[in-house]
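The structures considered in this document are given below.
Paired with chain B in one complex and with chain C in the other, chain A is shared by the two complexes that follow.
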Partner chain A sequence: MKSYKIEDHILVPKHIKLNEDEIKKVLDFYNISIKQLPRISPKDAVIKNLNVKQGDVIKIIRNSDTAGETVFYRVVGK
Partner chain B sequence: MPGTIYKKVESILFGLLSAEDIKKMSSVKIITPELYDKEGYPVDGGLMDTRLGVIDPGLRCKTCGSKLKECMGHFGFIDLARPVVHVKYIRVILDVLRSVCRECNRILLDEQEIEKYRVILDKIEKEQGIDARRKRTSEIINSLKNIKKCPHCKAKQYTIKIEKPTSFYEHDKRLSPIEIRSRLEKVPDKDIELLGLNPRYARPEGMILTVLLIPPVTIRPSITLESGERSEDDLTHKLGDIVRINQRLFENINAGAPEIIVEDLWDLLQYHVTTYFDNAIAQVPPARHGTGQPLKTLTERIKDKEGRFRHNLAGKRVNFAARTVISPDPEIQFNEVGVPKVVAMELTIPEMVTEWNIERLKEFIKRGPDNYPGANYIIKPDGKKKKITDNIKDQLIEELQEGFIIERHLMDGDVAIFNRQPSLHRMSIMCHLIRVLPGKSFRLNPGVCTPYNADFDGDEMNLHIPQTQEARSEAKILMQVQTQIMTPKNGQNIIGCIEDSVTGNYLLTKEGIEFTREEATNILISIGIDDINFKKEKISGKEIFSVILPKDFNFIGRSKNCDKCEKCKHKNCPRDAYLCIEKGELLCGIIDNKSIGKENGVLLREIYRRYGEDFTLRFIEKVFKLGIQVLLRKGFTITLSDTDLKEEIKQEINVLFEEADKNVQKFIDSYYNNELEALPGKTLRETLELRILELLNKTRNKIGTLIVNSAKENIPTLVMARSGAEGSTLNLVQMSACVGQQALGGKRIERGYKNRPLSLFKKNDLGGKAHGFVSRGFKNGLKPYEFFFHAMTGRDSLMDTALRTPKSGYLYRRLANALQDLKVEYDNTIRDANKNIIQFKYGEDGIDVSKSSGGKIDVNKIVKEILGE
Partner chain C sequence: MEFKDLKGRVSERIIEDLKKALEDRKISKKDENKIVEMILKDYEDAQINPGEAIGIVTAESFGEPGTQMTLRTFHYAGVAEVNVTLGLPRIIEIFDARKEIKTPMMEIYLKKPYNKEPEKVRKIANLIKGTKIIEVVNEFTINLSSLQVELILNKPKMRDMNITETHLVNAINEGIKGVNIKQDKDKIILKVKPKEDELMETYKVKEKVKDVYIRGIKGISYLLPVKKQNEFIILTAGSNLKEVLEISEVDETRTVTNDIFEIQSVLGIEAARQAIINEASKVIEDQGLDIDMRHIIFIADVMTRTGDIKGITRSGITGEKESVLARASFEIPIKHIINASLLGEEDHLNSVIENVLLNQVVPLGTGLPGLVAKMKGNKEKDKEKYKK
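On to the complex of A and B.
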C-alpha cells in the first residue's frame, strides 16, 4: 500500500516545533505558565515526524476564511 | 480576610469507616429511642443528645461548649445487636465473596498469579490511568467467578447468588451477615488489592455494619410548629426506628428468645438500616410517615432534582421578582414593560433619603403601602427594617432623617430586568423600563417577541428589580433592548418589524398608492409625528414613509421581489424592486421584509450603523406603528373567494395532472421494461422513486406559478407572501388547488399493507395517488385516502418536534454548562476559570460577530464608503 504524509494534505494545518527561546516568548506574551496552554497528544499523527517530547510547544498555523491565517499553540502532553 | 490560609484541593480520598474509626470519631453512644424528657430537654444517650450539637437557642453543646451556629455538630454511634449489610455496597460484597475461598478466605489465585496480576495492575495504572486499572480489575473479578476449586486449600467452591436487596445465598443456603463479615475480615490485604480496594482506607468488612454512625443533630434539625409541638426531621425518625428495633433485638437475644423471633427482628433491623441509607430501592417498600408520604433519607437528600446538588447548589432563588402572563401592547415602547399596579405595589426600590429628596419621600410614606405610589418599608441607618403602617406613619415621617432608606413602589421609568425561559441566548434576558399599567399581565411590545421567542397563548415571563445603583446602571448600559438589536449569532438584527407592520409598509410604499393630505397627516399624527407640513394635495405612500427617515440618509438596496436581472435597470425597474433613498427621500422601491424585517432588515442595519442603537430603536418603533396604522385604515383580511380559480385555470391544471399521470406511468413502464437508467449510487427502484418524486413536485410547482400568475394582484394571502410578512405562495396553492406529495422520511409513503399503503389500492401500484400524492386542495376537500396520507405526515412531524425538543434541549444544556465560564480576557484570549487558554483570539479571528457583516469585515465596502463620501 502506498503511504501518505498526512502533513502534506491540504486540510492539515502546518505544525512547527518551537525552540526554548520561542516558547519563552509565547509564554511571556500571554503571561501564562506552560500548563495553561491547550494540549496535543504526543501520539498525534501530525507531529510524529517532529520528534517531540512532553513539554514541547507546537505552533499551528491554520487557514481561516475570515482571518487569512491564524496561529495556535499547543503543548505536548502525556 | 487576613489570616486566612488559601490552599488548592489537590485530591479527595473516599474510604470505608471501620467500627473502630466510627467509635473514635463519635462523642456519644446512643442507647435510647427517646428524644426528650418530660421537661422537653434532650435525653442523654438519645438521638437529640446535646453532645451531638445544639439546635435550640440558649443551649450549649456538651462536647465543645459552643452555642447554636458556632458548634457545627458531632457524630455519635449505635452498637448494632447483630451486623447488617450496607445496601450501597452489595455489589462489592458480592464481588469479594465470589473471588475468595469459602474455607481459607484467600483470593482464588495461586501465589504466582497474585504476584503477576499485582505487577500488571500497577503497570496499567501507571501507563493508562486509574480507569484502565478499574477495567482490568473487573475483568479479573469476572474470571474468578467460575473457579470451582481453591488453589490454596483445594476446597470446593459454590456459586454465590444475591437476592435483592440484601440477602446472599450460597448453594441455596442463606449467608448471614455475621458469616459474610467473618469471611471478609480474614481476606489478607495483598489479596484485597487485586479486587480493586485499597486495604489502607477500605477494608471490605467495613461494608458490613456492626456499629452505625449517627449524624450530628445539626444536619437533621427539628422544627417547632406554631402549636408548640415539635416535628422531627425524617432522618431522626428513621434513626429512632433503628434504635428501637436494635434495643428490642438486644433484649430478645439476652433473654434467649427463640431463633425465629431473633431472625425476624434482625431482618427488621436490616430493613430500617437499608431504608435509612436509601428509601427508594426497587425491592424494598419505602418507609413512610404516618401521613403516607415516603421518608426522605440520606440518598434522597442528595439525589435528583430536589436533591442537594440540583436544588440547593445549582438552583438559586431570588427576591424582588415577579412572574405573570404576558400580553401585547403595541402602544408602549420596545424597551418598556407594562407592569400591573398590584405588582408595582409589591415590588420596591430602595431610595436613600437626602436633603434634596426628603420632602418627596415623605409623601411616599404618607401614602403608605396601600396607596400608589407609596412605600412599604423604611430602613434605619442601623439596619433595622420597619413596615410602614397607618398607625406609625406619622411617627415615621417625623423621625425621617438623611441616611434612612425608603423602599418605595415601582414607578414609570424604573429599571427592570425581563426574562423568558428557556434562556437560551443573551437576548432572553433584557433590561426594560417600567410602565405601570392597569390589568394583571405584563405588557410587552410585540416587536420584542422575537428575541424572547414569546407569544401570547399563555406564556409567562419573569421580572426582576435591581436593588443597587450599580446593578441598575449596569443593566441599563449593557442589557437594555436597544443594545441587543444585533445578535452575536450572525450580526443581523434580531429586532425588526413583524407580521402586520411588514404588510402595512409594503402596501404603503407600493407604486400607485396615494393619500389625501388629510389622510397622510392623520396617519403620521397617529404614530406620534407632529411636525408635518405637506404642501401637495395628493401624497404618495413613499412620501409618507420618507417622513420618518433621517434627512441625511442615503441608501441603495433591493426589494424582495427583485428578479436579479443581469443588468439592473435601477430606477426604471418594472417591478419597483430597486430601493433607493436619497437625502431621506424614498425615491423608488418597495419597503418589505428584506429592508425592515427581523433577521434580514438591510435598511435597519444601515440605520443602526449610521445613527446608533437608540435612534434605531425609535426608528423601528415608528416604522412598526406606521405599518400597523396603514393596515388599520385600509383594512386587511382574507376571504374564501381568494382561493377561487377561474374555469380555464382549472382546465389547465387538469391537463397538467393528466400529463403528470401519463409521465409517471411512462417511468413505471420503463422501469418494468428495464429501460430506466439508474442514477449513480442508486438502485433502479430508488431511481424510479426519485424520478417520480421530482416529476410530481414539478407538477405542483407548475400549478403554483399558474395560480400565482393568474391571481389578482391584491389577494391578501399573496400580499403577505410577497411582503415577506408571513406564509408563502405555497399556502395559497395548497388551499386552492393541490396539497402535493406527502413525504415520510424523505420518501413517498410506503408503509402500510403489503406492497401497497392502503387496501383500496391495487398491489404494487407505483402511481402517484397510491403513494401519497394529494392532488386536491384544502378548499375542495381531500379524498379519504388523501386525508389519511396527510394525517400520516402531520402526525409524523408532530412526533418529531415533540421528541426533538427535549433531546436538543439537553444537548444544549450540557454544552452551556461546559462552556459557562469561558470569557474573553482583555488580551483577547479566551480563557476558562483557571485562566487556561482555550483560544488565542476570539473565534480565532478576533471578530465581534455582532459588529460584522455576516461574520466578516467587508474591507472593500468600508474603503468605498470613505473614498466615496
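On to the complex of A and C.
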C-alpha cells in the first residue's frame, strides 16, 4: 500500500476553485447564469481536497488534442 | 493588430506554432502584424456560427463510418484469455455508457527500475494476479455425518504457486465469518458454528469458499507482460483500478483501465471525459476510419455535462430532454406521452425535433433569430394589444 495523488494522473486535468469575483467575471464573459454551467459532483474524487460547497465554480485547465490547452468551467452541484 | 493581442482570441496551440514559425525568419514588424491579422480572420471564419446544427453533423459523421465497423470481438495475439471488444460493439458500449462492459482491461505501467527486465515484470504480474481457492483445491466435499466441508488440496500445484496451508487458512479466516478451520494432512476442514439450519449453512460455506481470494487483486484474472516501445507493461483481463494503483511498483500516473465508470469513481469526471475520448478514438483508429476529434470531444462533453456519465440512451441524456415530444420521438413514444399527460407537462417547442413534428420552422441557422419590429404609435396601447 502506498499513498498517491490522483492529480498526477495523465487523465486528470488541473482543477482550481474560483472566488466570488472570478465567478462573476466568468459568468459575465459568457453572458450566462450559474445554472447554465456544466456540473461536477461535490463527491468527485479530484475536488475532495478543495473544500467545496454547492454553487462553487471549478476552473479546469485541460490539455486538448486540438487546441493545446483549453479552459473549462463546472459548477459544483448537489 | 499585434502578436501579443492574439492571446485569448485564438487557441494556445496556434500562438505557440506561430511563435516558433516567426522565430526562424526575419520578418518586419509590419509583415508580422499582417500575418497576425490574417490568422485571426481565418480563425474566426473557422468558428462555428450560432445556430449551426453541430449535433446532427456529429451524428452523421459517426453514422456513415459506423456502417463499416466490424461486429466481432478479437483475441489478443494467440492468447485465448485476453479478449478485446472492438469495432461497433465497443463504440456502442462507450456511448451507451454501459456499466458492465464485456471485456474490462487494464494497461499497467511500472515505475522505472521495474519496467526494463521481463523477470521483474513477471514477478509483479504474479503478485497482482487474483488467485482463488478453487485453483489449488482438488475436491470440495460435504461430510454429512459430521456436517463439515472438506477441501482436498492440490499439493504440487500449491508448491508451484508458492502457497502454503497457512496462506489458505488466513484467507478463509478473512473471507468467511463464523466457521472453525481445522488443518489435516492434505485437507482443510471447515465446521460451521451450530445454528438452526446447519446443513444449509454448510452448503453455503462450501460454495462460498471456492471464490475466496488467497492473494492478488480481485477481478483481475489474466496478466500478459508485453513490450511497448522500450519498456514492459502488463495487460490484464479484468479491471480493478483502485487497488492496482495502490501497489508500490505500479506507476500511478499512467496506468489506465478501459472501464469508464471505474475511472470516474477513482479519478473524477474530467478523467472520465478524457477516457471516453481516448477509448472512442482508439476504436476508430483501430478500424482504419477517420472521424474528426472534435466530434468525439463533443459527445464526451455532452455525456459528462451533468457531472455523471450519461449514455446516449432513453435513460441517459435523451431521457433528460426537457421537451415531451423530443423524448417521445426517440424511443417508446406512448409511455412518454401518457406520462406527460398524467403529470400535465408543457412543451415550449424550443428545440428542433418537436418543431419538425409540428411542421414549423426549426430554431437552427436562419430559423434561430426572431424578428422584432419597432412600430410608431402609442406604446402603452401596443403593449396591451400584444398581451392579448
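Heads up, the rule we're going with is that the second predicted complex is superposed on the first by the 78 of 78 C-alpha atoms of A that agree within 3 Å, B and C clash if a C-alpha of one lies under 4 Å from a C-alpha of the other, contacts with A are read in each partner's own complex, and residues count from 1 in each chain.
Everything below uses one rule, namely that a contact is a pair of C-beta atoms (placed from the backbone, for glycine too) under 8 Å apart; a residue touches a chain by one contact, two chains touch by 3 or more.
All values reported here derive from a predicted model rather than from experimental measurement.
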Per residue count on chain A, the busier partner among chain B and chain C is C
*asked:* So in the superposed three-chain picture, is A:P13 touching just chain B, just chain C, both, or none of them (first/second/both/neither)?
replied: second
Of the partners chain B and chain C, which touch A:A67 in the superposed model: first, second, both, neither? both
Figure out whether A:Y30 sits in contact with chain B (first) or chain C (second), or with both, or with neither. first
Query - First, second, both or neither for A:P38, with chain B first and chain C second - result: both
TODO: Check whether A:V57 is in contact with chain B, with chain C, with both or with neither, and answer first, second, both or neither.
DONE: neither
Chain A residues contacting chain B in one complex and chain C in the other 38, 62, 64-67, 70
The residues of chain A that touch chain C in their complex are 1-2, 4, 6, 8-13, 15, 38-41, 44-47, 60, 62, 64-70, 74, 77
Note: in the complex, chain C contacts chain A through residues 11-14, 16, 245-248, 252-254, 256, 263, 265-271, 274-275, 277-278, 293-294, 297, 301, 304-308
Seen from chain B, its contact residues with chain A in the complex are 827, 829, 831, 834-841, 843-847, 855-857
So, in the complex, the side of chain A touching chain B is made of residues 30-32, 35-38, 62, 64-67, 70-73
